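In what follows, chain A forms one complex with chain B and a second complex with chain C.
After this line comes the complex of A and B, so read on.
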């Protein structure tokens, strides 16, 4: 398995292929490296994180190559932050469920947002693991490359807990 | 009515996370869906919740929604005539 690009985003540092490119927040990264997709601001934080990692990781891939790409992401907490935010809208006497929050109460929405943005038609999967098990993650990705049609896979770990604790560690791989 | 229009614009910006926009950026008579602000079906649901939560208005006929949510002006007109709070 060959890595074509690697992006790592944390609250204090964003790097591409090992070189720091920014220290901005997620909204700052959007303004710096995207800026043409207002739907970004409607996404929950997990989606924003995955979206920006994908922006940076896929920027050298052509439209045709993107069509032949799969997205396989992992984390430990699923969409827990948004699940809790949504729960707050339904648990009190002030019962006003938020549709905009509800649509993000599934972690695999991240892969969908990325696929929509980049017109990716390959497989998309989001695995919620007990721990960040790199061996298991590599096995899943390798197996997909061997048994499915996509030539490229955007894959990695995307976890958002709060503004001070988040990480996207994403790579673009091929056979 | 001007105060209600301004209030609605600010509430729309807040509930729909229209970051980088101010009330001045939303034309009172401009379409909210399709062209204009380019809102989608989830945004429409969020606006329905906004009317109920902030103004006590429960839309009894969903078919009315298309006309009511066509612009900020039409929402303001509907709210001013039907608000319970």
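After this line comes the complex of A and C, so read on.
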């Protein structure tokens, strides 16, 4: 398995292939590196994080190459931050559930947001693990490369807890 | 990796219709459903129609069958109960290092968020770990959380782990239980039908939610006498279109079916068990995808009229019942269907039909633009 690009985003440092490119927040990264996709502001934080990592990681792939790329992401808390926010909207004394929030109570929505942005029709999968286990993640990704058709896989760990604590560690790999 | 054949060696379904695959299969053949109107359930201000467990009765029963039951939530008990029945059926030693546990769920224990925003039980992998540990299995379990398509994705994940040679058996459990959290969300989408759903019907107005747990045990071991079903193909594709609405062209589902048809001929297919949620858009999208794949004549069956949409369990229990149908040379009835209501009529029937064919395709679609499918063929490892 060969790594073609590697992006790491934390609240204080964003790097591409090991070199720091920004120290901005997610909204700041959007303005620096995307800027043309207002839907970004409707996304929950997990999706914003995954979206920006994908922006930086897929820069050198052509539309044709993206079409059958797979997106396989992992984390530990699933969509728990948005789950908590949604829970607040269904307490008995304060009941106003919103579909715009509920849809983000699924961790795999981040893979869908990336697919829509990049016109990726390949596999999108989300796995929730008990810990950030690099060996296990690599096994799942290399098994996918061996047993199905994608030439490229965008993969990695993407977890959002709060503004001070989030990480996307994403790479583009090929056989 | 070449030459490894994946077979199903055991299964189980726990649903409001029964606690074994056979009980469930008989209930479907008899046209039964536990879809009922529920008023005030889970403290919801709005009524809904769904298929719910009699939680107290089932939980008391499970408590007598599993050890240390007080340490598990209802969701975890269901998973353990279902897996235990399947494991006992094929006499698998689930603690071995070559056995992998995979859990398919959308929301696991999310109901506990109502008690505390930091409740540790809401971590999906924590549940999976407890379930694997119950069976003294120490491999890190996988949780596949791909919304409504999780049950098929979990089987595909199992196949990959078995083909890699790292594991010889995979215990794939699918489960979701309903809660205020889940039902209110679907209500906010205006996706629910107040009556039992009518898949592919011109009067369909939405889906019903349901609770269930199911287990499929897949094996790469060549000599299991229980190996009656072979995995043929599986695929996952995104629509790249919308996070909460299906593609108008059925793009992802179409690509899933095309991938599967590379491995199996249309002539072999007894039926396609579809998602068939009974929402206007899902059923229409599937009809377009089936038409584009030139499968208009292949029988279609849907089980949502019996169970509702059981979320993370759907892909598991609907696969198991499809196997049972072919075992009995049947195409199962699609409960609730009367008059065709899709742009491209699908070959669906409210009546039981017969078949001599020995393979089927199971497809699912869901939030996030995701689509998945899997095909199995009857036959062991002669």
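The rule is simple: the second predicted complex is superposed on the first by the 174 of 175 C-alpha atoms of A that agree within 3 Å, B and C clash if a C-alpha of one lies under 4 Å from a C-alpha of the other, contacts with A are read in each partner's own complex, and residues count from 1 in each chain.
To be clear about the criterion, a contact is a pair of C-beta atoms (placed from the backbone, for glycine too) under 8 Å apart; a residue touches a chain by one contact, two chains touch by 3 or more.
It should be emphasised that the depicted structure is a prediction, and the values quoted were computed from it without experimental measurement.
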### Message
Just checking: does A:27 make contact with chain B only, chain C only, both, or neither of them? Give me first, second, both or neither.
### Response
first
## Note on the structure
Larger residue footprint on chain A, choosing between chain B and chain C, goes to C
### Message
Looking at A:4, would you say it contacts chain B, chain C, both, or neither? Reply first, second, both or neither.
### Response
neither
### Message
In the overlaid three-chain picture, which partner chain does A:98 touch, first (chain B) or second (chain C), both, or neither?
### Response
both
### Task
Kindly list the residues of chain A that each of chain B and chain C touches, one partner per complex.
97-99, 103
### In the complex, chain B residues that touch chain A
15-20, 38, 42-43, 45-46, 49, 52-53
### Query
Tell me, which parts of chain A touch chain C in their complex?
71, 76-78, 80, 83-84, 86-87, 90-92, 95, 97-99, 102-103, 105-109, 111-113, 115-116, 118-131, 133, 136, 139-140, 142-144, 146-149
### Query
Along chain A, where are the residues that touch chain B in the complex?
27, 38, 41-42, 94, 96-100, 103
### Task
Quick one: which bits of chain C touch chain A in the complex? Just the residue numbers, please.
1, 43, 45, 106-107, 110, 113-114, 117, 122-126, 128-129, 140-147, 153, 157, 159-161, 163-164, 166, 180-181, 184-190, 235-244, 251-252, 255, 259, 367-370
